[in-house]
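Chain nomenclature is as follows: A, B, C and D, assigned in order of appearance, with residue numbering initiated at 1 for each chain independently.
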């Protein structure tokens, strides 16, 4: 039986936040310790506390302990150079219109950030990934963040999406790979009529090539957008956008599968 | 028993898309008709077709028929002047970190756009709304778009959030009202420790006042961002951002509830 | 002898601003009249007034009379579909580093907006333009806005820049034409060592092709930027970016001419 | 007699650019040396070369030698923490509509970046500055970059603009100081009718306070904008905005002085 939501339990993933805003993550386990340069914290002293409680390390440093949000986790989880940032995850959920029970093919899975967003939205996700280390890491990250809630809704296969897609009647296909245009014919076959195809691509040259591969007889409502987040510094009388921002991650291109002419 | 996902059924909400990109929405019902200046389409001729099929009106105009995405629906649904746009809905899901089973208070509900996004993410939503017409419209829109999948996860109460919040142990409180700072003390009581408070405000003056109301002993990890979407025109050799864009809707400010000192 | 700067004189270009912010422009001449739907104003009643004075029309409508800024003039002057907007004019002056005595080739001249900015910065400008109507309009606009201050610093030639550039030892070459890459070899010959080449292009595909034409042995310090202006609505408590903005005009690409290897 | 523009002469300010894009600046003088970790270059070996020539250091490192643009100089010149960036200088010239012979009051002068842009546009500039070290640095930077071309068009006075402005009949007043609203009454007196007042302010709170100080009977056509530059990485097939950008420097607010009612 799990503890109430507001109480930190063994097995919970938590984030330690120090007064300077530095963040550290750990999964609580009986007998465990969280070590920093400012001393350590016994996991047993955290288990049973409220989410959002303050603890002190052996050297007196205070830490707020909070269950990380999905976005917190994505910034801290083990990952390769490439990850789809939280800034893009929300818009992808809306553009690809993902909801409970949707059957989604995701390729590649990278470190699993998008998998987590899709799964938490209630989708059934099949991931195709060519690199075994990425597949393992994605599975581990999903397991670590979402735990039992995933059940059998997530499966990662070690295979190359350029070679084809075995699934049929998919609701959505979401691509984060270098040459998404090579997947378009496979996606056209694998998607149910009315299904949605989305590609995340860093370069506008990829956008052009991807869009040129979308036959008007097969795909409609094609759109490409970029998402920009601008954060604000609010310490009156200083109220202004932060001085620096992420200016680019990737372009999001989306299209809908038409039905075959009757 | 419902039809397969790829087949349009009576009761389905559909979007008719003409060759110029104009969009119309209707709920299919036996014997119904969809009327435009270019003639009409019998609903009975649409029921049973594939999602994404093409039909012709009595005057020979072709229409693609597609189930609308949540974003499509939000742009077309009955609504007042104010609505939270799809551009902001995805980021709100990530910032407020909304997932299955989360107990969310939303106020006001406006036309229900955010309610739909929260509900589809699996949350249980209580809406507080002062205007009866808004409450009814939100309920109707949610019912129309999400149908039976909502079950008893949505309830809208006709009441003023400035007067207080009855719920306790809420996971999230999401505010879209003119003076969110007046709700902060109520939210502090109603949120469980570790819970998340988010406010959507059009004016930076509201942001400042809201943030000043967030006591550091009660709320942490306060952030304010704006979300910008830039759409692209991709018709090689013309590949460029569209000439005009939505430059502003609202600022999103988020904070986490600390636990009471033990 | 001209009137003091603060006094409106015959021959002056003025802008009439009504209380709703609508703007009209005219050149003051003795006996002239400015007509609107709200009555007329005698130019003779304006001549001799202070810049920034308020006048009333025959029907009692008040107008503020102000000499237009260069930006005001560009928005109102006779022009074709294409014009380089004030938003880009300032950055072009900085990127192309234009100052007094600089010898600049500009092609095409369009309606003369950029010519005006270059000339006012003190440059000597030769314009190449293939369309006679554009050339005439550019000359007329420059004459109308800058008047005698231009002297012999402006010359527009009716010719095709793709065919070559006769000038030598130019300090800057500024291009606003569809295929700037076809001018690069000519610009390489016409620019003095250390000179600057700038191209304004609406499409990123043009940027790519232009940059690919810049030989690393001939051009260095190549940069491409976009300029965005975001205007604010400041009516406390409503303080926010305006809802709509110009999201795109053109990309600015700049490069410097290397000296030939000695 | 000065050398032709394309030839580097003693007394010229030059920029040494290494193959990695690092930039160094120096003023050429007979017998001088430019030292780096990659060896040194004799100034005498540079004097007489073409602008844009390539030289080699004592250790064989190659450097391109180019006269810096105003923007290059601003990024490298001696300066305090605060400087108006080239991104804003061009738009300020357009918004304040600065041209030859315009009498401009600038306060404070900071490191002189804006002074240089105003002077190069042909304006006569009086600077008010409270800090003597800033005033000296601004004068030195202006002298170093613009040299003799300035003549008697630049004067910096050590004084506090909040105490008043002695000049009358000014064409423009350009403010970069913490409380520009305290200068508004002085500017109203010092500006000629039709003159332009511009304030550069980092915080939106300053914008609000400044705009509230602009009496509608005295100032009109008030506008506030932000300027964003987005730079692009163009190395096909990678063509995309750079990953990071400057998200904020300051807000630009501009207004025009009305004539006193007759």
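A few notes on this one:
The criterion applied here is as follows: contacts are C-beta pairs under 8 Å (C-beta built on N, C-alpha and C of every residue); 3 or more make two chains touch, one makes a residue touch a chain.
Keep in mind that what you see is a predicted model, and the values were worked out from it rather than measured.
Looking for a copy of the A-B interface in A-D, C-D or B-C, one arrives at C-D, which has over half of the same contact pairs by residue number. Note on interfaces C-D and B-C: more C-beta pairs are in contact across C-D. Taking the mean of the C-alpha atoms as each chain's centre, subunit A and subunit C sit 47 Å apart. The geometric centre of subunit B is 44 Å away from that of subunit C, both derived from CA atoms.
Inter-chain spacing, taken between the CA centroids of subunit C and subunit D, is 21 Å. Residues of subunit B in contact with two or more other chains: 204-205, 208, 226, 230-231, 236, 239, 251.
Residues 4-6, 17, 49-54, 64, 66-67, 69-71, 86-87, 89-95, 97, 99-100, 117, 120-122, 149, 169, 171, 192-196, 204, 207-208, 211-212, 220-221, 223-232, 234, 236, 239, 251, 256-262 of subunit A are the ones that touch subunit B when the two sit in their complex.
Within the complex formed with subunit C, the subunit B residues making contact are 202-206, 226, 230-231, 236-249, 251.
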